[in-house]
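Both complexes shown next keep chain A, but they swap its partner, so chain B is in the first and chain C is in the second.
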Partner chain A sequence: MAVDRKAAVFLAAHALRLLLALFFPSLPNLLTGRVEVSTPITSFKRLQEGLYLYQRNVSPYDGGVYHQAPILLPLFSLLPNANMSPLITAIFFSLVDLVNADALITIADSGQAVSGRFYTALRKHIRWDGLSIAAWFLFNPFTIATCLGRSTAVFTTTGILYAMSNAVSGNSLNAMLALGFASYLSIYPALLFIPLVLLCYDQRAQKPTPPGMASFAIKHFMIFLFSIAGLLGVSSLIVDDFPQFVSATYGFQLLVPDLTPNVGLWWYFFIEIFDSFREFFLGVFWLHLAAYVGGMTVRIRRQPLFVLTSLLGIFAIFKPYPSISDASLYFALLPLYRHLFPLMRYTFFAISAILYATLLGPAFYYLWIYAGSGNANFFYAITLVWSLGLSILLADIIFAALRDEWEYDNPEIRGKDVRQV
Partner chain B sequence: MTGKNEDPGSSSTPTDTTMSSKSSVQRLPPPEKPEAVWTRFKIIAAFWAVIVFLGFPIWWKTTSIYRARLPVQEMVEWADGKTCRPVFPLEIRFETPSLPDSEAQHLLRTTQHTLDDLNEFSAHHLRLKLSEDTLAANNRDERQLHITTDGKADTALIVRLLPQDDLTSPRSELHLDTTQLDVYYPPSQIPPPSSSNPPLSAYIAGELQQLFTEEKAIIAQILSDNNAMGSTNTPASSNNQQPSRMLNSISPQLAETISRRLRRSMKYADTYHLAFSLFAPGSSPSSWDIQPAVDEYIAPLLHAFAPISNFTVDTQVQLYATFSPTAPPPEYDESQATWTLKQEDLSAFINAAEWPLSPSIGNGPTINFILYVPAPSQSPMVVKESSATSWIIPQWGGVFILNPPLSTATGAPSNPTHLSQASLGPAFLTFSHQLLTLLGAPATPTSLPFRLQTLIRIRAADLLLSASSTMGSLARLTESLPSIPIPAAVATSVSTTLSHLASACVHLREGRFQAALASARVAETEAERSFFEKSMVGQVYFPDEHKVAVYLPLLGPVGVPLIVGLLREIKRIVASWKARRAGS
Partner chain C sequence: MISLFYLFLLPLVALSSAIPATSDYHESLTLQPLPQSALLASFNFRSNASEESFDERNFRYFPRALGQILQHAHTKELHLRFTTGRWDDQSWGSRPWDGTKEGVTGVELWAWIDASDDEEASAKWITLTQSLSGLFCASINFIDSTRTTRPVASFQPTGDHSISNNLHLLHGTLPGEVVCTENLTPFLKLLPCKGKAGVASLLDGHKLFDASWQSMSVDFRPVCPHPDECVVQIEQTVDIVLDIDRSKRPRDNPIPRPVPNDQLVCDTSKAYHSDQTCYPLEKTKEKGWSLSEVFGRSVSGACPLGNDQNSHDETVCLRVPHEREVSISLGALEIKKPDGVSRCYELQPFRDFDLVIPEQDATTQVPLEEPVLRAERTIVGHGQERGGMRIIFDNPSDTNAADFIYFETLPWFLRPYVHTLQATVTGRDGVRQQVPASQFIKETYYRPAVDRERGTQLELALSIPAASTVTLTYDFEKAVLRYTEYPPDANRGFNVAPAVIKVNGRDAANGRSHPIYIRTTSLLLPLPTPDFSMPYNVIILTSTVIALAFGSIFNLLVRRFVTVEEAEALGAQTIKGRLAGKVVALRDRLKGKTSKVE
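Up next, the complex of A and B:
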């Protein structure tokens, strides 16, 4: 019965994507061109350019358009040309979404979100089952747009979700390999290593004869490094010019030379900043992104899965080239914490801000780029609103988690109002 | 950011959990557990570890300014003219085929004496020299070709003394195509060894003085301009006084010539772009023999200018080029049967808005030469007052109105469709003349090689002083703005400039002007490059106070909770440490 329900949800999601692609043939190309969906490091158009060069035995990084990992090239060479047969590509991306949803079901059904090694949520009875969460992910308009826009960010999403699902099911080796894959595609998932290894360790520690914490972490760090090194080795077989590949992909993601507008906060800032301070603020922004890892991990040590979720939310706001696919990953993980929703205080405001930005963002972008009656500040203002909405949601759920922990620690004041002075 | 603020906020003491009703007994929040305090300490330590171990090194690495060391003192001394005093010892060779050696020597001595008496500008002086080999007359031309290669001074002028019987007084003749002055004298005027001031010496000295008047005045002008611009703290030495004294003594006509030369000529550049444009208001002429014309009339001149500047040549043909609508149209003059342009309207002749005369082709100024063929209905066209067909546009280029013979073969008179090289001849002769003027060649004397050599000396002086003053400006700039970076490339350029300036100065002193100009050109190019280095001037207008505005808006909000958290943690640690000491 459960299998049937799952098959129904998956089939419906798959059919919805294919029907959208079939009945609106221009929709995939429209979404591919949207700055909200495609960033310079995930754009399908740029992938096609790299693919074209690759298939003609030219270095895909020549011309400075392609900035994605080379391992995608042989993979997409197997698929027929997306312009000739768009349906095959649509089916492929749709299947990737289903794979992601499957990983999400594993994470949800493990129950790690509500009860872990050190901690069991008080309201653990308020929760959704895995299939509902998968359906929430699959029918989220952001996910559908990302899928139709064929953003290659979905592969990073796959890596992250599989790292988490393997970690919660105690399969720590696979978790490290999946995280290595995600980090290889786009650097920032490497920051998830610490909470992820804690999650793995918590799973391992519940089994007999747990190893020491330090040796466990070091061992997994080596696995993580080896998986990345292996992927880089495979890449060096695909591309001839290894330094060019590194500077075109990782150098590009770290130094942010392309300031095409996106939903993030970096592009406008780096357009405006004085050139001589550019390097400094690049360092500041990256450190800002990295600084949360330590603090969050220490503070919410008892719920490493929640740390992972919140860090993904932070990355969706503060990473250099964010798109709605990062937000959709965060939204996919949020319902795992359904039991925290009653403790949240600003859900209405946060959801309003996100909806407002979602609707007005494309309009303001149109006003700026096509109509010419607005300027860059219009779009930047709306990305600020978008980030504000996400930040409020993020802060609110972190507050709710801490409140939950507080009530767990202080049973005598459960149900009392909290007031900050 | 918000997430981070939440961390200490919700876990620390301010989370006041009172009952909703104030009337009930005030309950304090439960005391913090030691683990919570320890957790908070770890969180703050985690954030500060990132800041201290990653943030500060990045801050230090990315905002430190690289300042290469510059020889500031040396640069300032160059600008103040303390290192090099430009002198122009011109060597003049005497060839006296018909005079015995001793008499020639005597004549030379007395002439030199007279010259020195006449000259009031010691930086520029003529040194007379007897040609050492009698064969000189034969291979003179050969020697002139490679004057710069040996270590000897350039010969500015060759004076040949030739006796001529039927003369009562000496007369002189300057060759137009070489730097040679022939002096014919009656044999009776050969000075006896006893006379101290023979008339022939006086005559030769006067002639030489006359030849170099304009050059001397221009150089004096350049030197005095530089002194006027230079720092005022330099004591007015005799050297500085001299150019102005020299300038005071020149005639008004000469002063006018000099200032006109300055007004008209282009600013010196290493490379000039010559653009020859054919404009016609109709469809013809649509082709011209430009390549042979340039080869014939312009290329030899450019070759002669090669030591001074480089040139590129571009040409274009523009048909249907109309006058600007605001320009007054030409008027028909019945008496001369010509269409005339008023002299005061010539400035509006170029239709700058529509004629494609690009202001710059690549790096360096463009000199435009415009050949305008008027429409058959307005032909011939001349300037009203002077009936001239060409004029010069100062610091921009030249215009020539070509009125070709109209062909009436097809009924209505029409312009020829092709301009042959022969019909372009007068225009290009005019252009070559205008080019000389635009490049700043002095107006006198008539000999072209002579004028070019003069121009070499003028440009050498010009560039030497301008590169020196650029060095001074660069030194002052780097001194006054300690916050600007000085890339290593600038230091390299400065040292190249200084070494070439020094060699130019030595070459000048020893009279090798062409070598001096070559060094001065390198010095000028490098000086300009170092002064206009892009990464250096980027921060010229960026005072330190602006850094507050750069840092605070972002780092302020991020920093305040971090710093407050750190301070509170330190306070707590100090308090607990004191309590422990008091307890023990």
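Up next, the complex of A and C:
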């Protein structure tokens, strides 16, 4: 019965995507062109341009358009041209979404979100089953828009979700390989390494004869590095000029030279920043992004999966080229913590802010770019609201998680008003 | 005074006959009336210097200022163009000099530089552009790496270069440069007569830059008539299309007035014709004009350096049918050419020359040559995010296919998507059909842009079938720049350099194929702009949002939980808590007292 329900949800999600692509043939190209969906490092149109150059033996990295990983080039060379047969591409991206949903089910059904090695949530009976979470992910409009917009961020999502699903099922080797894949595609998942290795270790430690923490971490770090090195080695076979590829992809993601608008905070800041401070603030922004890893890992040591989820939320706000696909990944993982929802305080405000930004963002972008009746500040203000809404949601769920831990430690004061000092 | 000058000049003339004939100077002016009261005036100034004297820095007719720059930058061949306006090939026919002496709107510069490798060539190119910038009072120094390309097939050296040179072709454009008087003055200074005598004396900034279209060119190249005897040649041209009516207006009263009623020629056959209504007829008479009316001055004699003593230069040529009446100043000699449509004049030194064509009935016209190809390039689409480029090629020939090289450079902030390149072809029957672009494109050279480093370079070898119109389109995306990268008038848009089309000439008669160049108009690209007034606000607001997130999350992470009662107990022990407690107690006492009083 469970299999049938799963098949029904997956088929429905698949059918919905294909029907949208079939009945609105201009929708995929429209979404590909939206700045909320496609960023310079995930745009499908840029991928097509890179592919065009690659198939004509011109290095796609010797130019300012293509900044994605080289492994996508032979992969998409196998698929027929997306302009000739858009349906096959739509099916492919829809299948990737289903694969992601499958990984999500594994994560949810493992129950790691509610009970781990050190900790079991008090309200663990309040939870959704894996299929509901997968359905929540698959029918999220953000996910559907990302899928139809054929953003290559879905491959990074796959890498991250598989790393997490393998980690919760105790398959630490595969987890590291998957994280290596995600980091290879877009650098920032490498920051998830520490909480992920803790999650793997917690799984391993529950089995007999656990290895030492340090040796376990070092061993997995080596696997992680090895997987990245392997992928880079494959890449060097695909592209001729290796340093050029590194600077065009990783250099591009680190130095943020393309200031195309997106839903994040970086683009307008780096348009307006004074030239002499550009490098300094670039460093500050990256440092800020990395700063959360240590603090959260230490403070919420007992729930590494929660740390992973929250870090993904932080990346969705503060990474250089965020899109709604990053937000959709965070929203996909949030229902794992359904048991924390009763402890949250500002859900209405956060959800209102996110909805407000979602609805007004495209309108204000239109006013700026097409109608000319607004200026850049309109869209910038919306990205501020979006980031603010997400950070309130993020802070609120971290509060709920900490409070839940505190109540677990002090069962006698459950339900009382709390204060932080 | 004049005789005194002659005396001074005599030794010079004697000297000129003594040195080989390789050092000489020629100038000419060709005038051709065009339809719609336009007048094309083509000035040409050419001088040679032997290679030895050039290498020894022994300059005679060759301008020293330019020569030293060229030697310093190891430039073996140079072409510099200043152009404004648009050549209207629908009414004016094919271009003067087959388009080889005109440039893109603004400034165009290309040169062959002798250098051992690309980097050295680039360094010398920078030297060259910086020096030329100073010499011509133009912003040529703004031709940086983003505006420099190395065309592969569009340009060929026109000079005879020795094989030992390792030549690098570099090409740069400044489509937004406004060509004006300050560029004309140094241009004239390069001439041996400095614009004081000869046909160059006609060149006046007021008239020249009031023209419908004008192009100034400087070409420098080595020419070897015999294998062991080489000269360096500098050729300067000025081509202008003047509107005769406009040029004839007096400078103090330039506002056009309507034709007085009694001078109007009306079509009386129209039913509505009356004293009040008039359907004006086209004038059958050709307009009368004279050099002094059109240029505001007459030619102040031939340049005495130009004419060799023995040969006579036919300096001013006029292309009108022979039956047309033309009167000239005394002293000049008229020679009618056998082709029936042109006549030339020999000028005397130190005697003003004017040429007057009275208003007369036009019976025949000088036939205009049909252009071999028409090209039009426009930006399509709306919005500031993306757009499309549309290039229309029209082959007017009914028999021959047009083979040509299409060369365009795009600024880096315009990101073309070559995979969207599409072609449609329209025959004379007007049926449009979409065809793969590869049907017309024989070869492609594409070098994509790198942000802030170099622009896009696209060269296509195309073949357009006879009697058809081909439209090429591709999509592009517009980049958002840093706010310091926008010019002060950011919302005006950015200039995109015109495309250069090199048509392989069909002139098989002399065996040597000579190219014909066509340039499209320059384009204006509006980019999305940020708000320039609020860098501080943006920095502050973004930082606030980041600080809010960072602050709230780390606040949660570093603090510990206590119940409200515990918090109050804890709070009471701190200094702040104690102070607050005292304040509350004091307030209570005060309140208590006042209530007692009542």
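Keep this in mind: the second predicted complex is superposed on the first by the 418 of 421 C-alpha atoms of A that agree within 3 Å, B and C clash if a C-alpha of one lies under 4 Å from a C-alpha of the other, contacts with A are read in each partner's own complex, and residues count from 1 in each chain.
Convention: a contact is a pair of C-beta atoms (placed from the backbone, for glycine too) under 8 Å apart; a residue touches a chain by one contact, two chains touch by 3 or more.
Computed from a predicted model, the values in this text were never measured in an experiment.
When both complexes are overlaid on chain A, chain B and chain C end up clashing with each other. Counting the residues of chain A touched by each of chain B and chain C gives the higher count for C.
With both structures placed on the common chain, the touch criterion links A:S77 to neither chain B nor chain C.
By the touch criterion defined above, A:E279 lies against chain B but remains apart from chain C after alignment on the C-alpha atoms of chain A. When the two structures are aligned on the shared chain, A:F270 is found in touch with chain C, with no touch to chain B. In the superposition on chain A, contact of A:T260 is made with chain C only, not with chain B. In the superposition on chain A, A:V65 makes contact with chain C only, not with chain B.
By the touch criterion defined above, A:N375 lies against chain C but remains apart from chain B after alignment on the C-alpha atoms of chain A. Shared-chain residue A:R403: touches chain B and chain C both. By the document's definition of touching, of the two partners only chain B reaches A:A290; chain C does not.
Common to the chain B-facing and chain C-facing surfaces of chain A are residues 273-275, 288, 291-292, 295-296, 299, 314, 391-392, 394-395, 398-399, 402-403, 406, 413, 416-421. On the chain A side of its complex with chain C, the touching residues are 33, 35, 45, 48-49, 51-53, 58, 62-65, 257-261, 265, 267-275, 288, 291-292, 295-296, 299-300, 314, 317-318, 368-370, 372, 375-377, 380, 384, 387-388, 391-392, 394-395, 398-399, 402-403, 406, 413, 416-421.
Interface residues of chain B, counted against chain A in their complex, comprise 1-7, 9-11, 14-20, 30, 33, 39, 42-43, 46-47, 49-51, 54-55, 58-59, 61-63, 485, 538-539, 542, 550, 554-555, 558. In the complex of the two chains, the chain A residues touching chain B come out as 273-277, 279-284, 287-288, 290-292, 294-299, 301, 310, 314, 391-392, 394-395, 398-399, 402-403, 406, 409-410, 412-413, 416-421.
Contacts from chain C toward chain A in the complex involve residues 382-386, 412, 415, 417-419, 446-452, 477, 479-484, 528-531, 534-535, 538-539, 541-542, 545-546, 548-550, 552-564, 566-567, 570-571.
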